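What follows is a group of structures, each given as structure tokens.
Look at the two complexes coming up: chain A is in both, with chain B in one and chain C in the other.
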Partner chain A sequence: MEEKKLKIMVIDDENIVGKRLKPALEKTGDIVETFEDGEKALARFNESPFDIVVTDIRMEKIDGIEILEQINAKSPHTKVIIITGYATVEVAREALSKGAFDFIAKPFKPGDLREIIKRASKELRA
Partner chain B sequence: MPLIILSSNSKEEEKEIAKKLLQVKGYGGVDPGILSEVEAKYHIDTGKLAETLEQTPSFFEKMMSGKWQYRLACIEAEVIERLMKDNTVCWGLAAHLYVVGISHALKVRIIHANQTRIENIVEQQGIPVQRAQKWLDTENQRRKKWSLAAFNRDETDPSEYDLVINLDQIDLNEAVLTINGAASYRKFQPITYSMKSLSDLALSAKVRTTLLKSMQDIRVQTIDGTVLVFTKAFKQKKIEKIKEIKDLAGKIEGVRGVEVHVTNNLFGDISGNANS
Partner chain C sequence: MKIIAYSGMNPKKERRSMKPNFFNKDKKTINDQEDPDNIPLRNRPQKSIRAKITISFSLFFIFCCAITSWSYWILTQLEHKIDFLEITDNYMVEIQQARRFEKNYLLYSTDLNDALEHIKKANTILKEHNRTIEAILGKEHFNKMIIYMAKYHDQLALLGDVENDQDREKLVPMLREYGSQMVSFAEEIVKKERSSVARMLLLAKRVPLYFIFVLLILVVFVVNSLVRQVILTLKRFMDYTKRIGEGDFSPIVPVRKYRDEFTKLAEAFNRMTKELNHRHEILLESHKLRAIGTLVAGVAHELNNPLNNTLLTASMLKEDFKEISEDEKLEMIDDLINETERSQRIVKDLLDFARESETLIKPLNIDEIVNDSVRLVANQVRLAKIKLDVEFEENLPRIHGDEQMLKQVFVNLILNAVDALSPGGNVRISVQRDKLPGYLLVTVQDDGPGIPEHIQSRIFEPFFTTKGQGKGTGLGLSVCRGIIRKLGGYIHLKGSSAAGTTFTVSLPITDSPSEMMSR
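Our next item is the complex of A and B:
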């Protein structure tokens, strides 16, 4: 039986990140939507939840940790993966405490993110 | 699962807590027993390695010979390699000073209050309180000096740790329960970022060990497999040194690239050693 396609949301205010990740993540046949504005992304999530959310931390209107908290409150089964160019032990620990599934420092290879998504998908389907 | 790194001013109790944690959690242990394997790998006497973890060479000795730093680097490389496996309790190897920036490493300091330590010294050594106080002050200063000289970190500073347990207030079994509880916090679970950081730390340690075998004054940082080496050289020897470092480091498995940053060895230039 064919596995259900995953719905993946990518949020990063740097346009290039979404542009690069979308085709890389769609390779596995999953549905990927990208957003540069965290508020718009949350509004979209409220309309229709996603299985996996990949979000940057430092963004202007709303930061990634707040997005993580809101998504966890609304949809506890959604796996939130944090990506950041400003990784520190403190931020990583805060993200994990608040329920992030994983945390990866930028720059990373799309393959690294695909590996994390593979693990997240395994947990979602378990 | 996390790494638990213990440090203490009471070695016996540190060991006892570590052993109990191994039982409770079913983890593997990394302890001073690995020094014999460092001896086998790097041909350095175990006694000398143990001494390296305790004694600080004088400024002059450090300037003239890089052997102390080399021995430290060998211990560090061996310990970090073992910490690449999760579910480990590590003690007695100063890992709290060089396993830095790893979010899944829970660093614990186990202490006794100075008053209790003085009472113990009076009892064990049969000396008056005033002499015991002086002995303890010297001992505390010695450890601070050693940790700063070895890894530029002050091991007596509580902010270096995630958890500090005072055995005068929390008994040994409670300490084990407390550490076990803290280790189960989600924030101490391995993540992609922390595993990559640990892997970079392991590569840095390997490169440093290789370079310090024949050189001095080497700092190494690794970012995602790219190794940055910081060193000093006499003006006339800069190009030669960069080539040597790139050749040596480039051969190490896992190194994707080497960048060498050299500053002038002013001391050598001024004293006319540039051509020596």
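Our next item is the complex of A and C:
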């Protein structure tokens, strides 16, 4: 049986992140949209919800924690994965306590993120 | 404004000279004497306070001796005069007696020998004290006096020899003439002696008054000179301690032409400031390390972005190497190159700042210093979500200072502002000409909650901090002030209220001839 395609949103103000992650994540057959601007991403999310959101925590206009809160409020089943600039216990604890699915610290390999997304999609399909 | 250019501290060399020298104390003394800061202090003729006090008191003693001897002499003279006055009185009495007997002889024909007897006595007195009387009356008068006396004596003798009244009448006018002359001379002596005694008494009475007057002048002079040398110098040294406390470690330069006991103190001060300066350098270095620690957190954070981009791109390049087109490969390789260069830039500023270097005072462009400082803290500023504006007046002259030290000050001021602000806050840096001629003014202004008024006066004190334990050492502003004072500038808290805090830094404009030409 063909698995339902997951909709994945990637938000990072570094445009290379989106550029590289899009082909990397599409390999599993999922639909990937990338955004550099958190506000635009949220607007898009309002139009049609995504199953998985991967967001950088530190961005110019709106930060990852805020995106996490807003998405959790709108669509509780969406799995949010936080990218942190560098791994600190405080940031990880905050993200997890606010309902993030998991976090990944920069720099990471595409495979590392795919692992997390795989776990997330398993939970979503369970 | 005089700028003291520090040749810089070589920590290793300094440390070596700080080692206690147990083996050869003489060598250490020689080293002290060779201290270049102390040479101008030593190369002055000596005029010690001890010598001055000794000379002053010797002068007092000599003066007192002189006055005492003078007084003693006057009193001795007075004693002689009084004795002599008695003699002249006796002489007078003898003369008067002689004349009385002469009269009695003429009137009542009493014994003339009585008169002769008294004249003889008067003559003896005259001869005994001839020198003194001669000195008082003068040689001419004295001789006349002797002559009159002799003539009177002769006349008196003649008078005794003549028998008839006629001859006697002839002798009488001459006798009277000589007699009265003799009396008047005697009176003159007495009169002169009395007035002389009176004069001397007056002098003896005045001597203590003169003494007190001269003493007063001497005391005023000596006290004044000692006060100038001691009290004023002490005051000067108090000013030095204040100056040193403020972080100005320039050596003491000679103020007066002569050296004295205070010169040793000045040399000790110079040694102390040298040590303090050395310690200050260490403090500066440790404070810089702390600032670097703070900056590193931001840099690490910032560095992860290009690293992540590089890792993602390289991974994908490897993963999809066979599927993607040549153009895509080239684009990815370009990305790799760009991101690596970006990493390099991020690290370079911090490395420049962190590099250990000797103090080097030279003309600097203030805008470069401020912009470099702003770039250094850019990550912290971004992480704290704070807006930082920089504004420069046009055509600013160059300033005199040390690049790293100035960056340290500005980084510290900006980081302080960032610490005080909550997200969304603003920091504004402006650079303009100072109202004080020859200075540039850098203003660092934030719109944070401000520094409570009761601690505003303490913020430049070492180890004073409002930050929680482990967060701040309380050295930041004290180090900043140390640096700025050392560079010949001023740092002030211009104002702090609920609307924000403003720090100003005045820095001396470089005034080398070429600079003035180019202006």
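Just so we're on the same page, the second predicted complex is superposed on the first by the 126 of 126 C-alpha atoms of A that agree within 3 Å, B and C clash if a C-alpha of one lies under 4 Å from a C-alpha of the other, contacts with A are read in each partner's own complex, and residues count from 1 in each chain.
Quick note on the criterion: a contact is a pair of C-beta atoms (placed from the backbone, for glycine too) under 8 Å apart; a residue touches a chain by one contact, two chains touch by 3 or more.
This structure is a prediction, so every number in the text was calculated from the model and none was measured.
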item	value
Fit or clash between chain C and chain B when superposed on chain A	fit
Partner chain in contact with A:G111 - chain B first, chain C second, else both or neither	second
Chain B versus chain C as contact partner of A:A24, first or second or both or neither	second
Partner chain(s) touched by A:F50 [first = chain B, second = chain C, both, neither]	neither
CA minimum distance (chain B, chain C), superposed complexes, angstrom	11
Residues on chain A lying within both footprints (that of chain B and that of chain C)	105, 107
List of chain A residues in touch with chain C within their complex	14, 16-17, 20-21, 23-24, 58, 85-86, 105-111
Complex contacts: residues of chain C adjacent to chain A	300-302, 304-305, 307-313, 315-316, 319-320, 335, 339, 383
In the complex with chain A, residue positions of chain B that touch it	101-103, 185-189, 191-194, 196, 224
Chain B-touching residues of chain A, taken from the complex the two chains share	87, 89, 92-94, 96-97, 99, 102-105, 107, 112, 115-116
